[in-house]
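Shared between the two complexes below is chain A, which has chain B as its partner in the first and chain C in the second.
Right after this comes the complex of A and B.
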């Protein structure tokens, strides 16, 4: 059981203080376009590239672990490969919300992780795959042209963590041999995707940093910075409306951990914890040991009280997630688990409101697309 | 059913006073918008009534000829309806209603027999996955018994989205489509559903059982669709709620509705959920008109509908034209370059949609175009997606050009691709 003070108590107390110091965004003069450029340069040119290096290294390590495991399968090798999966997934979850440029070009983010799977496509296609065992799916290059639902982290999760797949790979039976080859192909393809992302990012960053009338895509730096704001805003919306609302369902009776992200590897809340790290970097400009405090969107906010309050609220939510077990399933097993997750969703929703009102208002960014659902 | 979110209170700004040349009044633009909506829904109603008559004839006199006539009538009915889809996002009255007539995708096992080898026998998400109303006068769904002995509009309405599962689509175009074509079992190979007319035959000629109940279902679905379209047509007539809503106030809410509809359909719904997702998954289950293989036309007419509302011009099914002062005129008065750019991009999307139509007419339907390994076909579909994304970027700029603010378009999980906007 997790007994925590109400998130409203924790969060609203800070924003009550805030109300005194906030200047109405409407009363402000327009932020000069050149003010957005250092933020773009810092976040896209300084902060993100080392993280993409980390991601690529993690996927390369995952491939290496998978190959080693499959060359002489045993329990220890399986566990090592699962650990490599988690390490790669951790850094991916931090990068995932930076929904822009090479990350989303040609559906790259979907190929890295196809989720949520609203129509159950992955399960249906995986059943057929295991029935047919087509050789093409053991070839990383051919796999890259396959369904997004059959490549990337969720597919790899299925191979490494689902049902008896681990045992089958260790036993090296017919299914196990195919799973090993298929899993290695997925990991290799992830290495390729992360390498492409790493390679393409600098050109994108340069294009954004050079926003101006001569740019087809970014006629102003403010227009370009809007993508960063949207990433921050949508990242929180996705955590709330998909990563938490889906498993929560319409009520406690309807809750299902199976609808959470990464349910088989039991890391749905660990994903959110890492999402928040990557998202905070957009605001603050620091990401682990990379970057510099106050050089993200916060640089555009001329209000230190608001800034401190926002960070405090964010820290509160981050602490909440960090104290929870890594999976939604584990929390839902507790007597008050549903309430705990509902409260967490409330905290995320509150952060979203702060982003809309305080960050959006004071940076004069906002609007545009919502990268969420259609039918 | 989703509706684009309006984040803030839209405010008319003074840019309207700094126009390069006289702009049409917002009310006039909105009147054209409402006139086109009324004409589009009325055309949808007219063609739905023709479909209803063809279905009545099929049920009364089942034969290959009456069956083909009903299928032709269904195909014809799609052209005007798809051009109205641009009204869905931004107009709550449409969005709240449209699921009754065009909900998609559906778990067709709710309605009739399916090939379970492909479809499966159960779904964790949907207790009614293989309920098969046509075969079962009594249904038990989630522990509740339902009397389905009489198949009529009331039963279909009670089944629609039963158990709060959106895939339980019991009414509308796609339910009728399934009853006319059946499942497309060809995967990404050539061929649509191959239901036989004998599924509606009498006596010993009846195939797959329950032909009388299947006919009753088909007629009830057609009757309901006509009724639903009559209602929506009335909402856009003089004094109708939809028309009154877009015309009220200073014009900003109405203009916001136009731009929201154009952007949300372009980007999240058509570009993303209906097209890019199919391409990402190479999966025919992600095809909009998946039973009839008519997706190319549905997508084309969606794109045409977006262009219609911007240009303020719609060609009706009888060939007559409804036109008037347009959003294009309004944008041109404020930013002529943007208007020129957007006109070109909207035309490019329509052309990209037409390429898919041409490929389909040549024997390569949408489900084949998205097949894994069909690089050329994939490129054709991707071009359509790219064109839609591209035009959305320009649509977004309308917001500033005509002085409306705070619009958030529907997006999609499968689509956010600035790199494609080149």
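Right after this comes the complex of A and C.
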């Protein structure tokens, strides 16, 4: 798995071969504003809503699993609850990079997943919580007003995967009973948050789809579409600069899986795999069995060679991640693990360059004169 | 947030129907009054690496374009005089003194070899002295140079800015003090003059100096956790309140304030917009401007394509208006109203009170990419 041909060779060769004949974006006329509208309608109105339904269903299922497990705790119930956690986290990681509207309103994304947690706030607060065991944290409504670090996936990860918490819950000792009640409250709260997201999305999507000069938020469809382009671009930047660069540190000696996302449930690379699925939907318009190929930002690119090149490159990176173990910790344990992760970061950075040059340039959604200034 | 806006409208006496509004307020953000003889002036760019200082009228009609040798940034206005100062964007080597009516060059300023201009300049109230922020790059030290306009713009003094990477500066209302936004970023011409070389150790601050002797009078910084917030732009209201816009040099995902308000002698008070707006500000503020009343200030966020508006009395966020690639902001003579410009060539009147945006009607404005800052000249 770690001895594949150089990703640079693969990526650069597809790009070089297929880029022949690509028209310079500068040579193109402005894309009419009405061309952006169907992309907005497809991505925000058709593609995302079913995924938010899936996310809500996954969190409801997680709550249900938690309640069943806690009513009669045993090993099998714990495993079922952990599987429900992973299922909900998978779909969340696909949605997470679509960082806009109801996803960020009222700090919702942070309440769902408080991350990155640079100062270890979640772990510190969790330790204190286990010492005090306040009853308020077993009430989903009261929990929703608590610290974001104690009410979403990272807190649930502590409950389900950290230390001997699973055994304590199965044993139903004093800590285990509290963990069960607290974990159920977190899952219920996640169900509430995902339900709010599901409910608020259509109004946001309609506002964006109705972009026009009278809108104080989205005066043109093109401007509205820049939010999708930015989500794609920034999603890749966050994978590289946060999800990979942080655990990689300043060198092999400094590397630490503990700085990765979801280190306790050992799914930091699985998160990236799902991030890439959600991000690719922005470009391609398909997300699993939802949507239609070519109706995302790709619809704005009038160049089939460039489109093929971009998809092949994305596929190469997606395959690379899918073939890796699910956690950074497992990869770092390999003799050449640091190099493998460094290479993966290089691949993500290369995709970022393609997004900036090919997607940003050809969709005319890249940064503007002042936006790129830096002064 | 709706409550904050309602409270603000009440304070401004704008609670009822439009027809009952005072005439001056009711006209806000409508088609420009033909009697509005204000002229707006800004650095700008064409499509081919060509740079200008350009002026346009209230309808957006371009009045003149003066070619610059390189990209400009802000324009300093000499009070009661035809001179305006266009200083090159950092790391700048030239400054041009232009006639505000024609764009004709009246004088040239040359940066010393061991300094670089940083794009902003301000005149003293009597118009005698011009103050320019500069980088003493070999010593990672900010300076404010002093040029005597009555002596052929001779460079007569240089003060410490009391920080690194000074950017925008303004006169305080007393006319005797200068407030300087020291962005904290060290750059060097040998390394392109723009790439930050000290992000991990940067220490931005706001400093007030006595313009007669360069002595530090007040200084304030944000808490150390926020040391990567480069304090770059500011404006000062008539009562001495300083509004500042920040540019974050850290991670995209970090949750940091991007706006601050400072009453000299106290701490800088950080302000945040609601999450959906704060996120769209994209960690970057481009320019800051108080309105004519001093009660509202606008902060443009070109990376997010929006302008945010804030209540200077309560420090509450008021509203935001989308402005694709919008950055330049100038206050009109009406409370809560601004003219904004964009790198895409647009110009708008924006009413922060009623949350309205009206495009300037003359298309000649669209021939230029309007740069970061916009000034209004009363004619």
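FYI, the second predicted complex is superposed on the first by the 364 of 375 C-alpha atoms of A that agree within 3 Å, B and C clash if a C-alpha of one lies under 4 Å from a C-alpha of the other, contacts with A are read in each partner's own complex, and residues count from 1 in each chain.
Basically, a residue touches a chain if its C-beta (ideal position, glycine included) is under 8 Å from a C-beta of that chain, and two chains touch if they have at least 3 such contacts.
Remember, it's a predicted structure, so these values are computed and weren't measured experimentally.
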item: Combined model on chain A: chain C and chain B, fit or clash; value: clash
item: Chain B versus chain C as contact partner of A:237, first or second or both or neither; value: second
item: Partner chain in contact with A:195 - chain B first, chain C second, else both or neither; value: neither
item: Which superposed partner A:134 touches (first chain B, second chain C, both, neither); value: neither
item: Which of chain B and chain C A:216 touches, first, second, both or neither; value: both
item: First (chain B), second (chain C), both or neither touched by A:145; value: first
item: Touched partner set for A:116, first chain B, second chain C, both or neither; value: both
item: Partner chain(s) touched by A:105 [first = chain B, second = chain C, both, neither]; value: both
item: Touching partner for A:250 - first (chain B), second (chain C), both, neither; value: first
item: Which of chain B and chain C A:124 touches, first, second, both or neither; value: first
item: Colliding stretch - chain B into chain C, listed as 202-210, 328-336 or 364-372; value: 328-336
item: Overlapping contact positions on chain A, where the chain C interface meets the chain B interface; value: 99-101, 104-107, 110, 116, 216-217, 227, 234, 367-371, 373-375
item: Parts of chain C lying in touch with chain A, wherever the complex brings them together; value: 45, 73, 89-90, 119, 167, 194, 232, 247, 251-255, 274-276, 279-280, 282, 286, 302-303, 305, 319-322, 324-327, 342-344, 355-357, 359, 369-372
item: Partner chain A, residues of chain B touching it in the complex; value: 1-2, 4-5, 7, 103-105, 120, 123-125, 164, 166-167, 263, 267-269, 272-274, 276, 279-283, 285-286, 372-373, 392, 396, 399, 405-422
item: List of chain A residues in touch with chain B within their complex; value: 99-102, 104-107, 109-111, 114, 116, 119-121, 124-125, 145-149, 204, 216-217, 227, 234, 250, 258, 356, 366-375
item: Partner chain C, residues of chain A touching it in the complex; value: 99-101, 104-108, 110, 116, 118, 213, 215-220, 222-223, 226-227, 230, 234, 237-238, 241-242, 367-371, 373-375
